[in-house]
């Protein structure tokens, strides 16, 4: 189970099982002399934590970040930064009743096929908790980038319910439990999710990420295209089943003249009259907003019984 | 402009500009003692070539593959295989009138931003012709895999016109100029494309790839997920703006119980009652068909004039 | 300061400054189901520790290894193994008087040139303490290899005093403070080193590593040659200035017929009549003992004053 | 047989068997807008070619370099540069009498163990002819570096005969068939080699490479040390058995105060009073000359019969 490292010049290696003693990462390639402390990372960890809302997982972790290396007197030294979070909510026993069954929609079956191990502790590395360390590494990346690049995300669709893009307001996303940029969608979503919860079911979602201020010229033009790297990164997040750049899958429906973002000179600046390209042309950033969208499948941990098999290959339900 | 290499154990490096003297690739990591000659590669090159149909680009290349190394007496030796195709249809002059303008929807602008070069020869490496060498490397990969793994593709949507999946018939895809698996869609598509052509326009498409016979257990569970690698690969193809695995973007709309592919034992075999996962769970193949879909934006080389700027930053049309 | 990762399929990333809070590593690519606990690693850490002898550095660390991930119920799971050692002997203050001077023979000057930082805590990552984590990762590698491959090392030269190879006895190396395989050399070495110590000086050494039981066929024949990889690894150890395989530098003095190890069939086995190749031909292991030798320069932390400059570029002594 | 790629940001992939149709390489990572033509590469290929002297191999190749991609109107474009040399002197038949025997000191035995193939054409990729492509890639690297960095090499020892370093004169190396910097050594070497040739024998050599003008700060401090990378590179050259940086193996014999190169300020410049470090401290260049030395074993293609086995495992001579 190698390949726990992500990135090129800036790269991090994550480790730790969801229900093991600790999780952590080693961030390599950080330039020296950048001011950094746990306080730069903690807010992102806190924002990532399941909120105190009925709509999310009930696991509780304080997720206190500890930096063990790479920082000296408040500044990075250029050496690898080791980050650790000790797990508090270790409840292996909770999983005892499912230890022998393969949960449909989970990685239980494929892990067992690959490693010959049925680790009942939440699927080991396949748990969404692994993403905590991506958030930590991302917080350091943001510190390196500084304020010129602004990366924001929003939930734009829950199940079959999509926002109205005309109502888009970035200021709203941190003011509602859904990270919705459309304040008018919230009531509808609450009602919709309550019904789904009552049925013991779950539903998927679509998230949109927008990076503003990215300079033109980033990305390699053939196998290291910026959009390839982003697709790779997004698809490596648990439960993601589709990734779109700009117009995405609907680019297929556009005509050539509608799709090609026309270019104008506006004073000293180059302007595009639309952004179907999602800020990337030929794999290279154009200076427009980078727009990435991805779909997350519904959680498979539901109350409705579904058919499966156990470790001995016998048909059963879970 | 590095990053012209793709793959891990089996990996290839492509080179050559669309309108330069030749294109080629070096394929590394091929096991020894595999029977291989140009005849194993040529059929795939021929299948890739724009057919003699009105619906595609008019460039003509015989695309004769030559193997320069790595094969001895009809068998691979384990050393790198160097493949070359000499370009015949070198028409740099055709581009003279556009040499100073940035074509919207093309990589002209971003290449110029990155490299400070406006290479008028079809955008250099950003041309779709680069994919010829992926096809050649893929033909070798297929030879290594043998017949146990069957990889097929079909065009399932042109513009707004989608096939009826109930009519899916793999036997049809090579019998029509659209690679459609739905014979009933063809007439409609012909009429639709003729209209678009008459308007001097173009339209996008969606392609679906299915790999059958892939054993369970392939893929690394965190940053080398099989679906991440596939998303990376597909997104690195020119003009691709979205990639889906299994249910893809529509996974967002499914409920937990509908999405989770239930598991049954059927005699000795493990069976899944659906394939929303597209054959991949937790980044690892499950033994089901691997299903990948991607959207291609419409070609931006159209007859309709669009707004753009020239090398001097002056507003113009193209 | 990237590049803190070593290895390909089995690879580890080390982190931690010599005089920071902790040091550690993440070991990736370990197969599942291998019995592993701290007890498999600790003996190697203990053997690495400066012994209670007058001839070595006086730093005292208990070097207790803690495994934070990748092991479940005494067996590896295939996930990354995170190892940490908390530093005890943190004496940054000791370095205060040298904080402003560049120590000749140390990395102080080059680190300052590269990072613009003069970290007085023992040179940060350039300390020999970084090798502790190589030893930990190596202990895991040995556990994977099992007992079929036997890797041993010996000190064969101190300063100008070399062992007599005719007296070579592996059983002796752990019975004397010098790891000498020649018991007759010890007395001479003790006297020699005492004299050097009295002068406030130091001296270098040559170490020989022998790996027995390595199967034929390991190593890639061009840029991933087994000997290239070994040279890379040995040269990355602090203070190493030369690396030899088999006959090494003295291969230059051999004639063709003396150098080429002749081959004989002995029953079922292939035998070589000598081992000038050091077990590697064309970059690939031959099945003979792999023999690697490297020279370590004398420690530059000596009592004799030497000329240098300070941070302000003024001439001084240290 | 993967691993035919060398380098990081600037990297090249070589291909081609010594006695196949052609050899070549793909050089990736070359910046755009650098003036480049075959004329920049050819002189290095010519210098590499065995000279018309009695002392070297008799193979004759004109080694005319052809650039197939990556250069447009005399300047690099940033895309990969494909270089090819068509082999002329293809004499597979010459090897027919040795096709069934494993030549001692050659890679025949280990290749057969690894690949199960006995390719009689000069050992395929293990031939020294593979280095031709390193030279071609190196010529491009020099073009990128420009004239500020000067890399030169000299033969300093043949068999047991070493030059007198007091006679070192770089101006001499291209004026004698031995690349000797000591004009006084030549006569002695001629006589010595003539005797060895008469006996049907061969002998090894030591080469020293000096890179001047390398700025301080290059190299990564742990696993990407500049000296590790150099050791890796040198050891990957055929027949190399030892690599030294600066004082090299003899650093073991130095005392701490002799070894540590003292530092002085000389006007605006930092000066070192010696160069035992070979220009590298803690894996990072110091600004001094980089000094690398390596030993080449004697060619094993000699007239004296030696013992070996054949493909069927029978004892024989060659």
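As written, the chains take the letters A, B, C and D, and residue 1 is the first residue of each chain.
The rule we apply is simple: a contact is a pair of C-beta atoms (placed from the backbone, for glycine too) under 8 Å apart; a residue touches a chain by one contact, two chains touch by 3 or more.
From a predicted model like this one, the values you see are computed outputs, not experimental measurements.
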item	value
Graph separation of chain B and chain C (steps between touching chains)	2
Label of the chain whose CA centroid is most distant from the centroid of chain A	D
Between chain B and chain D, centroid-to-centroid distance (C-alpha), Å	40
Distance between the centres, which are taken as Cα means, of chain B and chain A, whole angstrom	26
Residue list for chain C, restricted to those that touch at least two other chains	1-5, 14, 114, 124-125
Chain contact topology (line, ring, star, complete or other)	ring
Chain-to-chain touches, reported pairwise for every pair that qualifies	A-B, A-C, B-D, C-D
Contacting residues of chain C [partner chain D, same complex]	1-6, 14, 102-107, 109-111, 113-114, 123-126, 130, 157-160, 196, 201-206, 216-217, 219-225, 227-236, 238, 240-257, 259-265, 270, 273, 276-278, 280-287, 295-302, 304, 306-309, 313-315
Chain A-facing residues of chain C, complex	1-5, 9, 11, 13-17, 20-24, 26, 28-30, 32-33, 68-70, 72, 77-82, 84, 114-117, 119, 121, 124-125
